[in-house]
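One chain, chain A, appears in both complexes that follow, with chain B as partner in the first and chain C in the second.
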Partner chain A sequence: MAKVIIYPINSLILSDLVERFGHKPLAMMEKIKEKVNTVGVDSPPLNITAEEPKMGLKYAAVEVPAGVRGRMAIVGPMIDEAEAAVIVNEASMAFGCMGCARTNELTKYLIRKKEIPILEVEYPRSEEEGQEFVYKIAEFLKSLPPEDKV
Partner chain B sequence: MSLNATGSELMDSEEDVITKIVVISSDSVLPIDAAMKVYQSETAITIKETCFGTMVTGPRNAVDRVVDELRAMDMNHVFVKERGFRPGDERRCRAVRGGGPRPGFHYLREEVQMLPMIGKALDAYDKHVPLAEIHRAKKIEVKKLKDIIESNI
Partner chain C sequence: MTKDKQVKVALVSCGSEYAGVQGELEKVAASVNAKLIFPEIDIASLDTIGRDFGIEAASPDLRLMMARAQAVVEGLTDVDGVFITSCFRCAEAAIVRNEVRRYINKHSNVPVISYSFTERTTAATLMTRMEALTTIAKRKHLLAREHQTGLTAGIDSGSTTTKAVIMRDDKIIGQGWVPTIKVIDSATEAFNHALEEAGVKAEEIQAIGTTGYGRFLVGEHFKAQLIQEEITVNSKGAVYLANKQKGPATVIDIGGMDNKAISVQDGIPGMFTMGGICAGASGRFLDMTAKRLGVEITELGALAVKGMQEKVEMNSYCIVFGIQSLVNSLAKGSRPEDVAAAACHSVVEQIFEQQLQEVDVKEPLILVGGSSLIEGVPKALSDLLKINVLVPPNSHLIGAVGSALLASGFVED
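This part shows the complex of A and B:
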């Protein structure tokens, strides 16, 4: 089972497809769960401690806006952990709730820089494209090693 | 317990309780069918019925087992993802926040609209249907655009 990072990082469809084809999706939701459920809230509503900005500095320079560094404190460790990646380009949902465009660019850049199997697909806009989208992701996920690395 | 304990340390020491969002996009299974299936299960889990499906909260093993049962109802048309916050969490629940969609709902709604297409594609993949030829809209050439502009003058 490979750890597959998905982009958009909170996508229902990608998270489901990765799990469906027998791998572990690395998604934002799980990390957020850790942040909100850990006892001893330092700064509600999320459990942000003084460690987070330091972790963010590993991925983005100090001149980079704090929002990017804060987001990278959560996304960065996921990229480090990833053994494969599925990136959907031009997803309309990546605008809005997913917030910061610069974080998104940095996330994609760091994933591409890492030497792991990466699949990049375009956001589907018709039924035929949707079929191609699913086929490509399914074939890619099937090509990943099914067992844990020793 | 130390206040500085990390999330993973806490999860090791306590029972790992998770929440999963189950989205139903099926012609044969309704969200209420999924909810009834969960009520029938013997495990101690909490569910919340929603307009798109259900949210299931409980110990990880129990939730995974129930989610597998739900998936089995219509394999390619039931979609699942984990959720960070529990249902009713005051930081997200709109009952406490004074109405309006909860943060993250717009994203989910956008994806829910795509699910029939994804479900159909998964059905086709299972049946080994070959990929249909895709006609992508090409960008218009500059020369052609110029011709159109000039023809209107």
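This part shows the complex of A and C:
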């Protein structure tokens, strides 16, 4: 089982695909769930406090706005953890989206910079392209090690 | 410096020509005998550089910046140094600038500096950085010096204090440390103290080196053989005093007006930042804290070590707000020990947040400058970074020692 980071980072379809092929998706939803359910932190709705932008400094300089660094405090550790990645470019909003273009640029860059297996595919615009799209992702996921590394 | 060959510096920017600062950039380059050049690129690469480099920046000029960086790394442009610059407050440029700097640093041996400008950026602001860049590029033989030989002097004319040392054969035999009031008068006073302690006459000194803000004036006055900015001098002085001349090191210098974070390899600076958006992140804030607490600056450290910073909320991002929270906490009945600890923590936190992510922190971490003598400061830094912080002996004399060490290169010449 490989830990696969997906982009868009909150795509339910991608997350589901990764899981179906026996891998662990690294996605935003789970992290946000953790944040929302954290007991004792009172900063609704996401419970992101002033500490997160500081933690984001590991990924972006102080000049980069706090919102980017706050997002990177959640996304960055997932990139660090990732053993493989599936990036879907030019996806429709409904497929998954992160609201901040700067975070998106940095996220994709940091994933690409990692020396891990990466599949980059374009978002399909027709049924035929859709089939090809799922096929490519499936083949990629099948090529990843099925067993736990440890 | 003018005797050296002209240094070619690649300007990797996203349009400094449009920001009203190009003239200042050209001016500072000329003042250190450097020439700014725009790396040649293949125009077609602009269509693919986003994917090739990895950041699909929306701004085409940032794509140009990445393409120029790639041209430097691939050797398509022959340069001695790189100056990466973009507008202050542009988020996309801040991301690209940082990654471009890391990319060049990782894939080439060319020294790099990075700066975000406003329309008010002047040649004087950039002077120390550009001077350091050209020194690292062209005077590596000077920086390779590991031992002080002969009888030499170093004078560090800092913004708050002036330090002088006399050295003979790798030993400090005299030192002087006085507040900076009038630059030449203070330097003369510190130099005389050092001469007196060393028991030597000024005429016997074989070479003098000067550094710090007043280096040019003091250097000219004392006819110094070496007039050098404090980034290269301090990193050299730090690894020399800490006896860590080989391998990687990180030097943090908390000065009276600004701070430097320098990543060093074999005594030669690699990436460095000069920070201090506000004096709240510098020794000046500690000085003001000591005054408000009614203790000498030399007593502040011992007080801070006894206190708990967690008990006082303090943020010295801006010195005015920093002093405000200091006054408020005292008014609420906070203990002076806790306030002192919070002040040290706050200064260190500013350095951590504003500067340390721009250099790769590699151990040993050497803390120098007058603030390193305030025990609470190295403790706060060590607590924050969770690594050991090394404060070498005579850490406050770092600039003077570095100058005397490098000046000894002129004794043999």
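Here is the rule we use: the second predicted complex is superposed on the first by the 143 of 150 C-alpha atoms of A that agree within 3 Å, B and C clash if a C-alpha of one lies under 4 Å from a C-alpha of the other, contacts with A are read in each partner's own complex, and residues count from 1 in each chain.
Here is the rule we use: a residue touches a chain if its C-beta (ideal position, glycine included) is under 8 Å from a C-beta of that chain, and two chains touch if they have at least 3 such contacts.
Small disclaimer: the values here were computed from a predicted structure and weren't measured.
Upon superposition of the two complexes on chain A, no clash is found between chain B and chain C, which fit side by side.
Contact with chain B, but none with chain C, is seen for A:11 once the two complexes are overlaid on the shared chain.
Rounded in steps of 10, the angle chain B-chain A-chain C defined by Cα centres in the superposition reads 160°. In the superposed pair of complexes, A:106 makes contact with chain C only, with no contact to chain B.
In the superposed model, A:63 lies in contact with chain C only, and not with chain B. Number of chain A residues touched is higher for B, counting chain B against chain C. In the superposition on chain A, A:124 contacts chain B only, with no contact to chain C. When the two complexes are overlaid on their common chain A, residue A:54 makes contact with chain C while staying clear of chain B. Once the two complexes are laid over each other on the shared chain, residue contacts for A:134 go to chain B alone; chain C is not touched. When the two structures are aligned on the shared chain, A:32 is found in touch with chain B, with no touch to chain C. In this overlay, which is a superposition and not a single complex, chain B and chain C have their closest Cα atoms 14 Å apart. In the superposition on the C-alpha atoms of chain A, no part of chain A is touched by chain B in one complex and by chain C in the other. Per the touch definition, chain C reaches chain A in the complex via residues 53-58, 88-89, 91-92, 94-95, 97-99, 116, 353-354, 357-358. Against chain A, the residues of chain B that register as touching in their complex are 1, 3-8, 10-11, 17-19, 21, 23, 79-85, 89, 91, 103-104, 106-108, 110-112, 114-115, 117-118, 120-122, 124-125, 131-136.
The part of chain A that touches chain B in the complex is made up of residues 10-13, 15-16, 19, 27-40, 44-45, 47, 49, 92-93, 96-98, 124, 126-135, 138. Touching chain C in their complex are the following residues of chain A: 54, 57-58, 60-65, 68, 101-102, 105-106, 108-109, 112-113.
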